[in-house]
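Pasting the structures in now, so scroll down.
Each of the two complexes below includes chain A, the first together with chain B, the second together with chain C.
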Partner chain A sequence: MEQKAVKRREKDLKFWERIYIPEILKGLSLTFKNMVRPKFTFEYPEEKFVPSSAYRGRPVLVEEENGEERCVACGLCSRVCPALAIEVQAGETEREKERFPEKFEINMLRCIFCGFCEEVCPEEAIVMSKDYELAFSSREEGIYGKDKLLVPANQLQDRIDFLRQYK
Partner chain B sequence: METGIFVLISAIKILLIAVLILMTVAYLTFFERKISAWAQNRLGPNRVGWKGLLQPFADVFKLLLKEDIIPERANKTLHFIAPMIALFVAFSTFAVIPFGPEVHLFGYDIPLVVADVNMGILFVLALTSLGVYALTLAGWSSGSKYSLLGGIRSSAQMISYEISMGFSIGGVLLLSESLRPIAIVESQAGWMWNAVIQPIGFITFFVSAFAETNRLPFDLPEAEPELVGGFHTEYSSMKFAGFFLSEYANMIIASALIVTLYLGGWHIPYIETLGLPSWLVIVLQIGAFIFKLVLLLFLFIWVRWSIPRFRYDQLMNLGWKVMFPLSLINIVWVAILIMVFGL
Partner chain C sequence: MPKFTIDNREIEFQQGQTIIEAAIDNGIEIPHFCWHPELSVSGNCRICLVEVEKMPKLVIACSTIAAEGMIVHTQSQNAIEARNVVMEFILINHPLDCPICDEAGECKLQDYTYQYSIGESRFTENKVIKQKHFELGPRVIFDGERCISCSRCIRFCEEIAKDPELTFVQRGDRVTITTYPGQQMDNPYSMNTIDICPVGALTNKDFRFKARVWDMSSTDSVCTGCAKGCNINIWVRNNEILRLTPRYNQDVNSYWMCDHGRLNTFKFVNGEDRINSPHIRKEGQLEKVDWDESFNEAVTRIKSYPKDEIAFLGSAYTTCENNYVLALFAGSVVGSNHIDFISHLDPDFGDDILRKNDITPNKKGAELVGITPSKSGLNFEGMRKAIKEKKIKALLIMEDDIVSSVKDIENVLGNLELLVVLASNFNKTTELADLVFPTATFAEKNGTFVNADGIIQRIKPAVATVEADRALDGFEMSRLDKFGSEFDRWMTGAKMDAKPGWKILKSLSGLLGKKMKFNMAEEIFEDMAANIDAFKGLNYDDVGNSGVKLKTENIENAVTS
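== the complex of A and B ==
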């Protein structure tokens, strides 16, 4: 509904606009139409918004079916992170891929949800989840370690499929 | 009728009406919030109690628990008295408004009005004029510039619109030939509603009623964006609640007055021809009064959430240059009707 704003002064008003009452009735009918329209409100704690797979929520680490992380601790994510929120410390492992993150921390007070970490990751090991409920009561709690970051791969399949469309 | 019985019946009626008004006011605030929410595509309060129906009580408890702040530079006595005047005026006006026909109960004829006085309409006009004092004194005694501006605006607005209000009532009185509210209602039996006979007077009275109750589009005494809160800027806790209650009580009274004066009071057109039992007719008629009242209250709230506030000069222009001449034209119109058709 593109409408060009026309400046109208009082002298330009027509008689029916000038006596004001029909215009009031127009306004009233508009608000009444809105009163009976369906509402879009999510009643939050009971009814939660489920974002689409394009949504960038809290970044998480992908956990394979055998309970191990996909991450090989290359450190690219921490390198690319513009907010310097990610800290990775690599360790050696007997497994085929030889490296794993001994320590992987994301400071959620710093994270800006840009998704660069997920873009740069060569292993699809860090992805943005749909989780947007990030409340903590102290700064220490804001630093998420591996215990909080690891999420089973099947829960993240939506996002992984979405990312593959653009690769 | 014996004096004792009369006093008893009156006391019961007063108690009933006081409780009813308090409840209606409480739920009016709730529906104001609900309707505003609906008009803005929201849901409105729905957490306290079933569908949020206990919200008014939560509001009252909140206000009771708030600190009562009296500004240092306030005139403490007047600051204290102003909300009481507002409440007193709002509640006592209801004494003369009839909400149903005469009832025969336990061998007595009980008119469904607290005080069936001859000059009822005059009483209402006098008391609503007193209501200006509440606002003006509140504004002046607060010792704050915003309050003072609100108070001055309210007095100017009330005085300007009281004139057109009074003149529109003049048209009604010409037809009813009485100042008794019951007589005015009875003069509108059938479809002889004053809103039908004198639509101009109905509109001027209706608009003036909005101005008198300080409702949007005429809420200049409050005008949140300009005057913080207008005359009640410096009020808190239950004193603020007093103003709040009186605003809504005034809304009920204005609606009840419009129903009494213009919409035929408790009358349902042609209900006598249906041959219903008399008690059912009375119940239906009281229901009709309440129905009309609720409809008008909804209209009051609806208008508030649709129409923007007038500028101060627009308000005065409308009051003096439009409403005042229109109400005079209405009187002439009614006089012509009486002369030509002998109504």
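== the complex of A and C ==
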């Protein structure tokens, strides 16, 4: 049953409400209170927002100190991706882990930032970064290859620590 | 029939069957690594342990002969615990590198770990280090650490390939597989060991790391490497064939296929030399033209010759449907009696396992559908002579590179005024052609082949041409095929502008004034079934996935040779 909204008519107002001035002061006091409250808006883009480690920005590949990617091109991220954003082509290398991604592309037009790729990754090789600035002007530019995806591990330490703690 | 009870179900068995065989016949799954229906029993993996009442210990279902009144439990507490323990034991030294391993997705060990293991290990020591990436042969790579010593590959080489090359060496946890000294695993069937390997220890050198199995679609088809017609699956990703694997058919190839068929019969489909759109020779050079122009050109030029001066060559490489339409085209559209095809025999190719000396997939089919000269017509030798004497001035060749395979034919073909070639790839014959029509390969069309044993089998399209649509034309679709769009790079694999041979001939006959009513391969087959004794009463559904043996008397009547 829908409850009938109680309409307050002029005749229902109390005396202090009817004389109007205290109500104005009440309103103004709220205004002044907010004027002196600390700001929480940013002067973006001059001032950048730095998200917490729980933030899911664009997915990136972890690059080890020797310049190699951790990724072994198992294709699980590609399989689990609900938006089919990830394409991986594996290749063979001489390294101890004999498989590596010859091609690793994330279509940022498809990506929905769900973080499943990060969750499923057995190598901690793909993590969600803090990068939220993803402007591009064509479909082609929206497909990020290894050149854009590889990020040195030390820049991602925050997120990796977060994952180790909570994943 | 004797009976025994398994999991409270009474099942019939044949005398001499093992428990696992009887169970599988009745749809009860007992896990197995080392047991394979076509190989001898080895009994070393122990995963098929079952509990049999009144037996003191658990027994392995693969080597225990079923007996009347036996009571078997596969799901009792003891059996389940035994399986857990066996899984734990096998996984002790098996590396957990599924992300790197190519077998992932079709790995028995992976599946069974999920189904039968509790997922815990008490093993805290280091895993044994063994040789990785060891080339057992030119086509197979061995990873010692992943091997679970089931010995399927060893038994395969001995029993099926009849070429014992592999053996176990060392003992205990250091046991590994190697070839006999100075030998390689290079028998012509070696790659079947990759399929039967229950783990990723043996991998396909050609296919390694190319694709995840779950990213590909798999289409039932038939190998075109020889007249045996081994049943295969065609694995396609992004409209490109990446591998072929054998498909079980007890009447033809069992579980196997030869390495030649597996490696050499599909690469031309995505080859660089594929013919993409029709070509006409203008001023000595083949030039790309559109379909209408090529059809008109062909028709005007064919019309300019009396019907006795035109000859036709069908092909044992292409389907019954294509050959049948060619026979109709030659006979009732053009009215020529000169029609034949060339058999290609390689006496070095055959063996007594699967491979046949006839290296074409459809010689019998070509004969059955009427690619044979009628009484007044010329056979190939006759045509050759007549072309030399310039009595035959026009020749249409369908899907056969005769210049590469027939000795000294090149000069003879030079005498022709018109050479029309239907081919999928540029080859030595198209080099001489005046008109080239691009045809769909075996992986791009529907059709049937009749193998050396008279079994008719279907091929199905796995790769889309320009005129085909995976969804609308009923192709097998992978997840990527289903959800991809034209903007996804993994969906933009090349599509060839080619048509099945019969469609080209149908267009030509329409322009020559005789319309053919066929719109799909199935309708041609119906027409064949109505007109040719050997195919009487058959349709595509009957042929199905495993083929039908044609009635022998019908074949004998039809085939005059």
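The criterion applied here is as follows: the second predicted complex is superposed on the first by the 154 of 167 C-alpha atoms of A that agree within 3 Å, B and C clash if a C-alpha of one lies under 4 Å from a C-alpha of the other, contacts with A are read in each partner's own complex, and residues count from 1 in each chain.
Criterion: a residue touches a chain if its C-beta (ideal position, glycine included) is under 8 Å from a C-beta of that chain, and two chains touch if they have at least 3 such contacts.
From a predicted model like this one, the values you see are computed outputs, not experimental measurements.
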Following superposition onto chain A, is the placement of chain B relative to chain C best described as a clash or a fit?
fit
Between chain B and chain C, whom does A:R139 touch in the aligned arrangement: first, second, both, or neither?
second
In the overlay, answer first, second, both or neither for which of chain B and chain C A:C77 touches.
neither
If you stack the two complexes on chain A, which partner ends up touching A:M128: first (chain B), second (chain C), both, or neither?
neither
Contacts of A:L28 with chain B and chain C, given as first, second, both or neither:
first
Let me test your reading of the model: by the given contact rule, A:E98 touches which partner, first (chain B), second (chain C), both or neither?
second
Partner contacting more residues of chain A (chain B vs chain C)
C
First, second, both or neither for A:K39, with chain B first and chain C second
first
Determine how wide the angle is at the CA centre of chain A between the CA centres of chain C and chain B, giving a multiple of 10 degrees.
140
A:C111 contacts which: chain B (first), chain C (second), both, neither?
neither
Using only CA atoms and the superposition described at the top, report the least gap between chain B and chain C in Å.
40
State which residues of chain A lie in both footprints, the one left by chain B and the one left by chain C.
none
List the residues on chain A that touch chain B in their complex, please.
21, 24, 27-28, 30-32, 34-37, 39-41, 43
Residues of chain B touching chain A in the complex:
35, 38-43, 46, 203, 302-303, 305-307
Over in the complex, which chain C residues touch chain A? Could you list them?
97-100, 104, 132-133, 208-210, 212, 214-215, 479-480, 483-484, 487-490
List of chain A residues in touch with chain C within their complex:
72-76, 78-79, 84, 87, 90-92, 97-99, 105, 107, 109-110, 122-123, 139, 143
